[in-house]
Amino acid sequence: MLIVMALLVGALGAAAFYLLLARSSLKLLFGLLLLGHSANLLILTSGGLVRARPPIVPRGALEPPAGHADPIPQALILTAIVISFAVLAFAAVLVKREYDLTDTDDTEDMRQTWL
Amino acid sequence: MAEAADIATALLLGVGGLFCLLGAAGIVVMPDVYNRMQAASKAVTLGASSIALGAAVHFGEPEIVSRCVLVCVFFFVTIPAASHLIARAAHRSGLPLAPETVIDECPRNRDDATS
Amino acid sequence: MNIFLINLLLAGLWVASTGAFTYGNALLGYAVGFLVLWWLRPLLGRAPYFRKVPLGLWFALLFFCEVIKSNVRVAWNVVFPWSGRRPGIVAVPLDARTDLEIAALANLLTLTPGSLCLDVSEDRRTLYVHSMFVDDPDTVRKAVKDRLERRILLLLR
Amino acid sequence: MLWMILIPLVAAPAAPWLVRRLGRHVGPLLALVPIGVGLALAIHLPMEPGTWRLEVLPWVPELGIHLAFRLDGLSITFGLLISGIGALVLTYAGGYMGDDPRLGRLCGLLLMFLAAMLGVVFSDDLFVLFVFWELTSIASWLLIGFKHEQAEARDSARMALLVTGAGGLALLAGLVLLTAAAAGSGIPLDRATRISALAGVGLSGHPLFTPSLVLIVVGAFSKSAQMPLHFWLPRAMTAPTPVSAYLHSATMVKAGVYLLARLNPVLGDSGLWHVLLTLTGAATMLVAAVMAAGQSDLKRILAYTTVSVLGTLTMLIGVGTDLAIKAAVVYLVAHACYKAALFMIAGSIEHATGTRDVRRLGGLGRAMPVTAASGLLAALSMAGAPPLFGFIGKELLLKAKLDLEYLGVVLALTAGLANVFLIAMALVVAVRPFLASRTVAAPDAHEAPPAMLAGPLVLAAAGLFVGLVPGVFDAALGSAMASAIGGRTIIMKLKLWHGLDPAALTALLISAVTLALGFAVFLRFRAGLSRLAGRFARLGRHGPARAYERLYGGLMDLAAAVTRATQNGSLRRYTRLVLLALVATCVYPLSRAVPLESVGPVEWGWHEAAVAILALVGAVTAVLSRSRLSAIAMVGITGILIAVLFALFSAPDLAITQIMVEALTVILLVLIFHRLPAFSHLRTTAARLGDAATAAAAGAVMSLMVLVAVAAPLPATVSAQMARLSVPQAKGRNVVNVILVDFRALDTLGETTVVAVAGLGVYALVKLSRRARGEGGKP
Amino acid sequence: MNSPVFQATTRVITPLLLSFSLFMLLRGHDQPGGGFIGGLLAVTAFALYALAFDARSARRLLGVSPRLLTAVGLSLAAVSGVPALWWGEPFMRGLWLPLALPSELKLGTVLLFDVGVYLTVLGSVLLTLLTLSEE
Amino acid sequence: MLVALPILIPLIAACAGLAAAGSRPLRRAFALLGAGGLLVAAMVLFARVWTRGTQVLHVGGWPAPVGITLVADPLSALMVLTAAVLNAAVTVYALGDIDARRQRHGYFSFIHVMLGGVCGAFLTGDLFNLYVWFEVMLISSFVLMVLGGGRPQLEAGTKYVTLSLMSSALFLSGVGILSGIAHTLHMADLAGRLAVAAVERPWPATCAATLLMLAFGIKAAVFPLHFWLPDSYHVTPPAITAVFAALLTKTGVYALIRVFGLVLPPSPYLFGLLAAIAAATMLMGVLGAVAQIHVRRILNVHIVSQIGYMVMGVALLGAPDPATRRLAIAAALFYVVHNMVVKTNLLLVSGAIRAMTGTELLAGLGGLATRAPLTACIFLVSALSLAGLPPSSGFWAKLGIIQAGFEARAWLLTLTALGVGLLTLLSMLKIWNEVFWKPAPADGPVIALSPRRRMLLLSPAAALTVLSVLIGLYPAPLLKAARRAADGLLDRPAYMAAVGLDAGGTPRGEPAGETGP
Amino acid sequence: MPWWLDIVAGSTVIALVLATARLVRGPSLADRVVALDVIAVLGAALTALWAIRYDQRVFLDVTVVLALVSFIGTVAFAYYMEKGGR
């Protein structure tokens, strides 16, 4: 399963990178989105995959059942998900405003800053 | 009692799985988006609800049952609205009907719809 | 509606007094409360409540059967596509007036496999229904009006 | 001693203010500052050879650097020259600038330079010396560019600063290496930067010694305009004449010579030192002298002769015998006197006639008798005619050469040949304008004002005085200075007439011959020889100066080309570079780290595999999709399926959050995209394939990274601790949530801040850029 | 979107979603849920309303300015760590009221923090969506 | 609590500024209060650290590897103090530079949040928390980058955002892999555990370290990851550029120093790579600067070049001799502080130039040496300082780096550093000749500044100039601080003891074969 | 673990595959949105199944949220299509 997850991480990453290499600024957003997924899955997999044993203490117990999943990567991913959502929202609006101003989504046209 | 619950669970799950499969097959086989929606919005939802009810019966705890009932209620409230919205949007945006369609009494243009 | 609240209160009392906080017990409490209230009908005056609860139950049962039936039909059609498919969009004139009535009708119609509420006209007088089996548009119209709209209006008005 | 540096430094910013208050007569007033310094130095006279006074203040103890100042024969001589000539130049500047409002700035910069130069010669700490060294470069740059409205002045200033700056860098590197060598030879850090502590220690065995020597010598050469780094000095003549007189003849350019002299006891025990200095010095001496003859601008002629003399001095230090050091001492002092005088005279001539072109000058003797007299004296000193100080210097020089076992005669002849040209140029500069027939178109030429007369007169007289009574000099300072340079006691007994020993006679003979030849060259100045020299000078223009231009231009072109090629504004290219960097840097460590056996402990599950594959299908379809909205739907699917994976791998909180975020992302993207066009496919197929390859490689890196991470894990003790603490201490059963709101609540606070800022940012972006667009931002 | 079907459905679902979001917020410490999930659910409730009717109605329904909500939420989250200092505990130490509620819910500064997160997420994400849909 | 104040004060000031969005005086008051409060807090913190040693706050009261620890060691305290000083200067400047509508839409709040993020990044003792603060910093910088701008700002924003987010993803991946290897995020704990793990298998940590190096490299703008910077930094108002230049890239450098100095086990491969990167960065940056014809772009590309010097300090961590390593880090830190001061100052001056002339193109400028002698002086001192000429802070920075380079026997790298110093001088001369010495073009606009605006624009620059010269004249205190910071950074056991871990780290089980709890 | 659970889960996964096929095939956006909706619902079904299979009640929380939220996405797409996009 590890291999599958590792492949998924890499494939999502490759898809993201491919989109990031596109000239359309709209595609950049998708690239960033997928890149976030890839990184999150990377953390999850690196932290060790455990099937169906969430780190939740049963009512009345003092500790989660033995063999539970590592909660730390989960907390990290949660934070990362929210952060990348917020940042992506901003980036998306940015791309849109830019499109509004320039009537193009081609990043190769974004050379106005270049003298 | 426990055995009866198990049988009920198995029954519900079996029906659910079957309908899920059939519904999904429907959206593959059906000729146009309206027909596909028919298959999807009914069969799959019924299947999923059935599985949720199966879970409710399996666990039998009030907490779980309320959750599963909530799922079913939600499905039954939202699925029609969702299909309606999609179908309406599809029709309004001029998505063609399948060739075997026998009749279309709905005007394509929004403005005509009022008259 | 007031009576419904009283009924709920009675159910709650039942659950509290029996001390068993389960769904089954709550349902039982509701049923007991309903019976008590039905018994005390004269006390409460003419209320549609007592008519609507059994009506609603009956309607739910019918509707459930309808859903299963049409589901099977759709499923059959999926598995055996050659078994005949005559999709079409039919305009159904509406007796339902309020948004709630229309929404209820549209939702139930859509939940019934084989038919789908496509649109409502701007003046809310016509419902456009997509059906998978349009042998005859008028049959479809009639089915919608008789099987669904009439019962819904009965229940809601 | 610090105060001697600080007072002029403090006076420098006051100068503009004073000038604004008091006008042009402030020159002599400001001259009191260096005069005071000079007097304070004079107290130490006569200086006992081989002794010095040291003053040490703490400065940067971490680096072993102290404000260490040393007074010995060398530094006092230089100090006296700097302050004395400084006083004269300040006085002169008042006359030269007249009522020009920039006089204040000029005086201020001169004072700043004076302070820096004093710092250079007093410092006993290598790095303190360097600090002042660079300050002199900066002051020189500002002074060369003084008339900055002229493009030539700006360019010359830049050239001077770049060349001396490059030398400064070499020097710095050399000093650092020398210090390292010293520290490596067991000298404690506190003393490793101190010249007096390093003298005679014998560091030449250390491997860092040779590079440090070369670098230091290069630094000194750049400052002292040794071939091939000399070309900036003639160009520096764009500076006002007082500046030329002060910086570019008497003082700053001698800083390099000073440094060589100062470090002679430290570095002088190496053969390389002798070879480098002697050969470079000799070459510079000869070539510059010849090139001087090709010039027609008074100041340029003087500049080239200065270069020549600097070469001579370098050569003498390189030779390093007692005699050579004595010669260097005398020659240095004599040159400082007469060359400063000549520059000031050139300035006076220009002041009077408005030109510096020798070909147009003549017959000024009557109109400017005092200037003419001092010019004559200075020129004779330069020519090395008896009984002037220059004569003693030249005699010593020739004797020192002849004294050598190898190459002595060659060097002596070279020196003689150079001398021929120097003599000729001395006559051209200081005799011809006064005595030749009147050719200048300046009938109203008049004697310079007194402020401008004092300098040349005093300096020329000093040359005469010391020439007549040389014993005064060597008793007071000369021997001490020579001892300081030599690092051993050298007693000088200067005489105008050396008696009749064979060496002296030979020297005298050569001297006489050169005088005669020089006079002949002078007489032929206008005719063939000057043309020959002119041709030679043109050749020189193709030399290092040309190399500098080439280098400068090439650098500009290179910079432009590199920038055009890389910084081309294409985001795509920047991204690709990042990805290529990712692949390139990770390949090697991954190849070492990936364990092939790490299939992992998690058993195979086909549900998960199917979900994972479907998620991937969604992503790939999104990549290939032509419609934006379909792409949104597809990444939506990917997100949801990843959420399902999260759920399966024991992370319900993650799954739920992911689902919520996915739904909101879809809403957001739909809201944003609903007015935008379809994806444009802009890349060529080849580009797309290339991108795909890059992306695939980068993705493979990520995959391998995962395998690396899971291969050899340590036990998760922190998680275990958290799980233990969660219920009893943090009162929560959902450990993930407890981490988020308690154990690592700070993370969550930061994350919440991100969310808040993103929302507020979107608001500001939309509201404000709408305004910007309303204001006509649309092109 | 002017659809009676959809609008009626939204009227039913919005309160459902909102109460579920509060439920998720409050149970987060013991079960999956918490401030983020709750806040995002609340956002979906209002976003749905905005889609069914329009952004202005959604703003009216919310009642407070989303910007204010964001600022208040962020301040609440940041300040919830301060009370601990009063009792000489380190910054952000969780304090709990010794009050037994008839459920698993425990009152304390940690809950306050989660509520701050909830409000910030609700305010900020909603601000984004409403700003965009009002364009 | 003192340790948390540099994070909390800006955050609270940001909230207050948002709440006071309607009132201009109140907004400006909060801006100054926030900057001043941060400055005071930073000074008190620095003094406390200086006198009593490393200050530690276990946030939430959780002991070291469980909770997040804020650690103010000399390095962090020094960085926070520098950031606070520069922020104060730029805030004063911004009051005269930033237009009203940007202020109304929360300019100062965003700046404050960014400062909170920067201070958080400096102070945190937790790797993932560092990521979070980086993101806080980034999102506010995104907003600031595009705030109120037209097309150029949005274009620049797109590039900046895209590459920054790539950096974030790499950072996150690196953290994920490190935590997968060591199962902890606390820097001290990670250091201990990775050291144990690296004994037998050094390469897994190196892989993660490579990712972190790339991530921080993008943030710090090192070659070949720097291209976003020259394309984006010049489009904002100068005050924003100044703050970016002062803080953002330097945070990347700080992260490199912190992570490579404290957390990661030494990796010769990466140190070699870093050395090459450092040399290329210096060279490419300065070549870029030489090529530019726009004042602020020259200065911005220079940021890149200067980063090379700082990275060189990190690369010299590969030196075998511990004393050399300490020297290198101390020199790099000195360089960082010097460069933050000087570069900020130059950008402020460039802003003043723009305010006075309305242009930043060299061709349109001229004659300012006579027209604005004070500005000229300020620029000159800072420019020479940037080129490493005495008697300014730049000289000691350069000297330190070169000493370290030679001591580490990194000849080529050090010679590059030296040569680049000359090119730096060249490009500064370019500005000087064109802007100050060249006669003003005939049609060049002359904008008269009100005395109040002039004061707001120039007084911070003058103050920073004095600071640079003071450091140059009396470098001992900063040198000592840099030394102590370097010693504190490289003394791993002391750091671990300060945060409450014993030298071996937490009690841990056998590192054999176990995969999870 | 009863064998029939695996069969049900298997058929759900197959349904998932079929829905994804529709997602990929399209051809219209409406088709894809329908597929999206179906996939979300199937995800809910799958998590409910896993709740039983792994005896983990928390899966059902995921089920609930999936059920609640899938609707929103559909609405958003419909909103877009109404505005005339495709």
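So that you can tell them apart, the chains are marked A, B, C, D, E, F and G in the order they are listed, and the count of residues begins at 1 in each.
What we mean here is this: a contact is a pair of C-beta atoms (placed from the backbone, for glycine too) under 8 Å apart; a residue touches a chain by one contact, two chains touch by 3 or more.
Worth saying up front: this structure is predicted, and the values here are computed from it rather than measured.
> Please give the intersection of the contact partners of chain C with those of chain G.
Intersection of chain C and chain G contact lists gives B, E.
> What chains touch chain A and also chain E?
A chain counts here if it touches both chain A and chain E, which gives D, F, G.
> Among the chains, which one keeps its Cα centre farthest from the Cα centre of chain F?
Following the centroid criterion, the farthest chain would be C.
> Find the most central chain, measuring centrality by the gap between its CA centroid and the centroid of all protein CA atoms shown.
F
> Weigh B-E against A-D on C-beta contact pairs and write down the one with more.
Higher C-beta contact count between the two pairs: A-D.
> Let me spell it out: compute each chain's centre from its C-alpha atoms, then which one is farthest from chain B's centre?
For chain B, the chain whose C-alpha mean is farthest off is D.
> For chain E and chain G, what's the span in angstrom between their mean Cα positions?
27
> What's the distance between the Cα centroids of chain A and chain G, rounded to whole Å?
About 21 Å, centre to centre.
> Between chain E and chain F, what is the separation of their C-alpha centroids in Å?
One centre to the other, that is 36 Å.
> List the centre-to-centre spacing of chain B and chain C in whole Å, with centres computed as mean CA coordinates.
Chain centres of chain B and chain C, defined by C-alpha means, are spaced 16 Å apart.
> Going by the contact rule already set, what residues in chain G reach two or more other chains?
Counting only residues that touch two or more other chains, chain G contributes 9, 16-17, 33, 35, 50, 58-59, 61-62, 64-65, 68-72, 75-79, 81-82, 85-86.
> Which chain F residues sit where two or more other chains touch them?
11, 18, 59-60, 128, 132, 135, 139, 142-143, 146, 150-151, 154, 158-159, 162, 166, 173, 176-177, 180-181, 183, 185, 231, 515-517 - these are the residues of chain F that touch more than one other chain.
> When you check chain B against every other chain, which residues touch at least two of them?
Chain B, residues with two or more chain partners: 23, 25, 37, 41, 70, 74, 77-81, 84-85, 87-88, 92.
> By the touch definition up top, name every chain pair that qualifies.
Result of the pairwise touch check is A-D, A-E, A-F, A-G, B-C, B-E, B-G, C-E, D-E, D-F, D-G, E-F, E-G.
> Going by the contact rule set out above, which residues of chain B touch chain E in the complex?
Residues 70, 74, 77-78, 80-81, 84-85, 88.
> Using the touch rule from the top, collect the residues of chain A that touch chain G in their complex.
51-54, 56
> In their shared complex, at which residues does chain E touch chain G?
Listed in rising order, the residues of chain E that touch chain G are 1, 6, 13, 17, 20, 31-33, 37, 41, 44, 47-48, 51-52.
> Residues of chain D touching chain F in their complex?
Going by the criterion above, the answer is residues 59-63, 127, 130-131, 134-135, 137-138, 145, 148-149, 151, 154, 158, 161-162, 165-166, 168-170, 172-173, 176-177, 179-180, 208, 555-556, 558-560, 562-564, 566-567, 569, 571, 573-575, 577-578, 580-582, 585-586, 588-590, 592-593, 601, 702, 705-706, 708-723, 725, 742-747, 750-751, 753-754, 757-758, 760-761, 763-765, 767-769, 771-773, 777-779.
> Taking the complex as given, what residues does chain F use to touch chain E?
That would be residues 1, 4, 8, 11-12, 15, 18-19, 21, 57-61 of chain F.
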